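Alright, structures below, take your time with them.
What follows is a pair of complexes built around chain A, which joins chain B in one and chain C in the other.
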Partner chain A sequence: MKKTVQYFLFTGLIATVLVSCKKDDDLVDVPAPDQNEVELITTFKIIFTDPANVAPTVEAIFRDEDGDGGNAPSQFDDIVLAENTTYNAEIILLNESESPADTISNEVLEEDGEHLFCFTPAGTNVIITRTDTDGTFEVGLQSQWVTGAASQGTTEISLKHQPGVKDGSCAPGETDIELNFVTIIQ
Partner chain B sequence: MKRILIVAVGMLFLTGLNSCNKVKSTSKRLMKTGDWKVTELSVNGVNEEELPKWEIDDCDIYDESCFGEWKNDEGGHAEFIWQFREKGEVFELSYQAEEHDHEEEGEHDHDHAAEEAAEQAANFSGVYEVEKKEKKVMEFTSSSTVGYSGSRVKIKVEKI
Partner chain C sequence: MKRFYTIILVLSNLFGFSQTDSCTFILDGTIHTDIEEPTNSLQIVLLNAQKGARIAADGSFLINDICKGNYTLQIRCFGETVQENEITIQSDTSLSLLLDYHIHNLKEFEVIIDENEQNTFIKNGLTPKQLNQTRGLSLGGMLEEINGVRTLKTGNSIAKPIIHGLHSNRVLILNNSIRQEGQQWGAEHAPEIDPFVSNSISVVKGANSIKYGFDAIGGVILVEPTRGAKTAGTYGEVNLVGLSNGRQGAVSGSMHTRLKKLAALSLSLQGSLKRGGNQHTPSYYLNNSGIKETNFSTLVNWEKENYGVELFYSQFNTDLGIFSGSHIGNLTDLQNAFNLEKPLGEDKFSYEIDRPRQRIEHELSKVSMYFKTGDIGKLNLVYGRQYNLRYEYDKDQSLNDSIANLNRPDLQLELTTHTVDINWKHFAKKGFSGEIGLNSIYQKNTYTGRMFVPNFENQGAGLFWIERKTIKKLLLEGGLRVDYRRLQSFFWENDEIQSPTNEYLDWAFNIGGRYSINNFSSIRFNVAKTWRPPSINELYSDGLHHGAAAVEIGDANLNQEDALNTSIEYDLNYKWLRVNVQPYFNYFRNHIFLEPQLPPTLTIKGAFPTFIFKETEARIYGVDFFAEAQINKVFSYVINVSLLRGYNISLNDHLLQMPADNLKNRLNISLPQCKGLTHNEFSIQHSFVAEQSRVPENSDFIAPPNAYNLFDLTLSSEITTPYSSVNVSIGVHNLFNTRYRDYLNRFRYYADELGRNISVRIKIPINQ
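Showing the complex of A and B:
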């Protein structure tokens, strides 16, 4: 009799454990991860003005409505500058997929301590100097372009995002945008 | 003899209870400690420059989705849902976008730090194998994350 009771108690205990065990099926379903809406730069515009008001203002635009990848850019101008001239240049970044367009360069300016534009001319007679700073390092939204004799080459312009690692050089950080403009000095 | 039987039954009970509740115990281990520092967040062995912190909320894993916050040093944060399953051997992380009222926020009032946190949380969302689940250290690896499918991703978190 005693053994039978013990047997039932034992079996009951095991059954209780097994029944009370939660299974993965009892877990709440994990929803699929949301898409992260990345800040889109559709338009890069660089405007050159001659502070002496001799050479005409020059504008070069890169426009890719759907951002990096997807459809090809709809506009990619050459930079055409007069020889032996000093220009002040200003970069404007836009997200034209929104209405009204979002001026991304304002955000770059707000966070100038973690952004740096890098300019790399090749095969063209131009010396480029950033003229704005974040208080410690240059930024590059504003720059001075001093052209020499007539020539043709390229100028790579990239925007580096360097939160916490900005040291004035182009090495650290991630590249937000990188464009290689055909540059003609004539 | 009777005492041995009681001890044996008790041990069997505890063993059964423990083995069937590994998901819960592993989950509790993560959530009870609250804040974790991500000390490795790597893709094919290359660590991310910015390593976040995880703030884990207490929750009932069988009754609700368990939320965590993905926080970076710049003050940005993003929400994710996490879950252990398969006896605590599998860990899932799923980025959840927070709803914003753009009219109140203003068109140009973007929080770059929050965008970075969201980007990281979204890219590192996925199903991970649990490599280590100690009290103060956990390691997860995956090759099927949203942002780095096919690459070996590793997350190592340490209790703060």
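Showing the complex of A and C:
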């Protein structure tokens, strides 16, 4: 019994030493290419169109080409809308660090059951309702903005990623976008 | 008794006279010890002769009227057996007993080496009892048993030791004498060591000995693997641990063998497995907080009187689920999470580990040799290679299904480190004993995926010289050290590879002493000057620290940290009372810290608090107090108190993340023996952690949590079976299922600490 145990130990030892030794194949002096997070959203664009064709089309863009850190965002527009008008709004998300730019909002649309856009106006006269649906809940890529009298405030637009937990409210999930746009109605 | 040592038995001068059937033999000798406790805490016992003797203050002992025969010789410290050997008495026998960590071949009859491993610095080890009662916990978790050591936690699976307020790159961990290298700058990166590999885990608090390293400003943690059997044969140990919270199970087995025919060769094989599922706070489950661990190690040791070789290999592999409620999107999410009664998401038990998760693999290969250089010294050569792989899988997978199906980690870091250490110890010559040595290191780091720290190449070399001398009752130690480090980083900037180099060269020293006031008290003091080059994240991090909801920006122009550590220890060991007081004062001429910066960084995810690594003048001081009273044969009481203050002198404010004051006390009740059950003990422990009211302004999203009290119960016993003695211990941690949060746990932003946890620990020694 003693001998068997000892033989077992010997074999075990040799086996483990042979099986071991992991190594790093990357080159230290050639760093991995600047690989941004796959779904880096560099650009948020919201386009307002007047179905009555009275007010001109308005666009508001937030752009941060290199993502978190690095340089500050290069563009952060105000949302400027005409008073007493009903607008249809469409949100487009782009990854402009790729060439050609990748339209991330298409993928959000594909996974609409996991996403929800939330709109929170403050101090400004606008009523916002989401107009699209994923079959069960709203999504928010398309929304309707009804403006009232001239005013100036802010609107917080956020995108919540809610895989498996979407319940129609803005509470669950992780925030992938949170932008507070200055909103001027004139 | 606070420390665990290995005592070797060296036989010398066996007199050849034999007297048949006579019971007049004498066993005498001396213990040459460099232990911190006075020698009269030691006893030598001949078990089957039912004879024993106390060891006198000068180390001598004498047992007479022994009959010829075979006996079990035990060395006991405060009644606890620390060493046991078989001995045959055929005549008057003299023994010379030495304290050493190496196990020498028992067949040698000369006094082998006087390894003057005297310590002037304060070293606390986990006692065998503490080891038994914390088995199955991570290394950080086990180290909390040591007074003055706290842990920085990211949930319950990730725990890093904090010594006197310092952690990560300021605390050096020596894994089998090799510097543990594995992205330790990260607060959420736990040390990749399996504590099951070791029966000797100790902590040196503060930068008290430059021989371990120049940058160990906070202290050193020493993990030594259990080495082979002293006598020919095979023995081993199996440990089984079950924890109710998380339904966690761990099993570890080790086997050590020494062949009769090749007494110099010993082999050890050890492995452990751990598996746990979602853990539970008093009110809810922490979703995705499971753990999986597979580790093993092998050791081959060839030890002769004049030389020896050791080969060691260990692998540590773990998968950790990161509580899904902690991976928040932005600051608004974090503030909402804090205000919730219960985290969003699922609330049920599962062993499944999903995203977000970490996978870490750590491999250590070590070759070491020693040679006796004549009668004057011993030369040690050590080569170590470590490979550390870290995968981080973020919560969100790619929206693109084909990419998502590849299931690649979002961040992969590989760190390969080679170390070569050479040192020469010289034995007492005119009272001086010491060592000189050279430490060298080469490491390379690469990453794939999102960048948080760049690729780098780090090279360094250091020379040190330590001398010790005993002058009457005073033991003095002085050490001097000089180190060079060269760090070259590689990263892309505007489509070009930048490769800046940072070089550092500086010296470190320590002066310490130990004065024996009398037979039962001593005083130690230590003054050390150390320094630490900035770590890679302090220099080059630039971006969102996922999971921390903060942007951290490094500064490539940071200077090294410079520190002056001073500490004193008073130790009293008188009859039924033990007292130990350790005040310390550390001054940092340059201390690197994270300073909040306005305005917050604006990103598409919202605004994030921003911090920049900066230098400041700082001080950290405090006191660790310990007392143990053996009230009578049944009751003993232990109390530990730790107080600490950390101050940012330049900013005139407190330092961030300093441990709050805490107190731990325990009542031990020795229960009577009953058939087969010995060493029965029941204990009640209470710990109090104060609210950390000393925090810097604007550096945190949420105020530190309230003070809390926790109660634990433990029942332990040794079951004597015809085969061996099995140690069993059953415990309840957080007996009253108290809801609380701890300032040093990053998860305090999102969830409560763990609720009640019932543990069962079984240790089965295997002897052949």
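The definition used in the following text is that the second predicted complex is superposed on the first by the 148 of 186 C-alpha atoms of A that agree within 3 Å, B and C clash if a C-alpha of one lies under 4 Å from a C-alpha of the other, contacts with A are read in each partner's own complex, and residues count from 1 in each chain.
Definition applied: a contact is a pair of C-beta atoms (placed from the backbone, for glycine too) under 8 Å apart; a residue touches a chain by one contact, two chains touch by 3 or more.
Since the structure is predicted, the reported quantities are computational estimates derived from the model, not experimental observations.
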Chain B versus chain C as contact partner of A:A122, first or second or both or neither: neither
Partner chain in contact with A:E111 - chain B first, chain C second, else both or neither: both
More chain A residues in contact - chain B or chain C: C
Which superposed partner A:A150 touches (first chain B, second chain C, both, neither): neither
Chain B versus chain C as contact partner of A:P100, first or second or both or neither: first
Shared chain A contacts, counted only where both chain B and chain C touch the same residue: 6, 9-10, 13, 17, 20-22, 24, 26-28, 30-39, 107, 111, 165, 172-173
Touch list for chain B against partner chain A, complex: 5, 9, 12-13, 16-17, 20-21, 23-24, 49-50, 61-65, 73-74, 80-81, 83, 85-86, 92-97, 107-108, 110, 112-113, 115-116, 118-119, 121-123, 125-126, 146
Residues of chain A touching chain B in the complex: 6, 9-10, 13-14, 17-18, 20-22, 24, 26-28, 30-39, 98, 100, 102-103, 106-107, 111, 163-165, 172-173
Interface residues, chain A side, partner chain C - complex: 1-2, 5-6, 9-10, 12-13, 16-17, 20-24, 26-39, 41-42, 44, 62, 64, 67-70, 72-73, 76, 104, 107-108, 110-111, 158, 160-161, 165, 171-179
Chain C residues touching chain A - in the complex, by the definition given at the top: 233-234, 255, 257, 259, 267, 269, 296, 298, 300, 311, 313, 315, 327-330, 332-333, 336, 344-345, 361, 363, 365, 387, 389, 395-396, 398-400, 403, 410, 414-416, 444-451, 454-457, 490-492, 497, 499, 542-544, 551, 553, 601-606, 608, 768
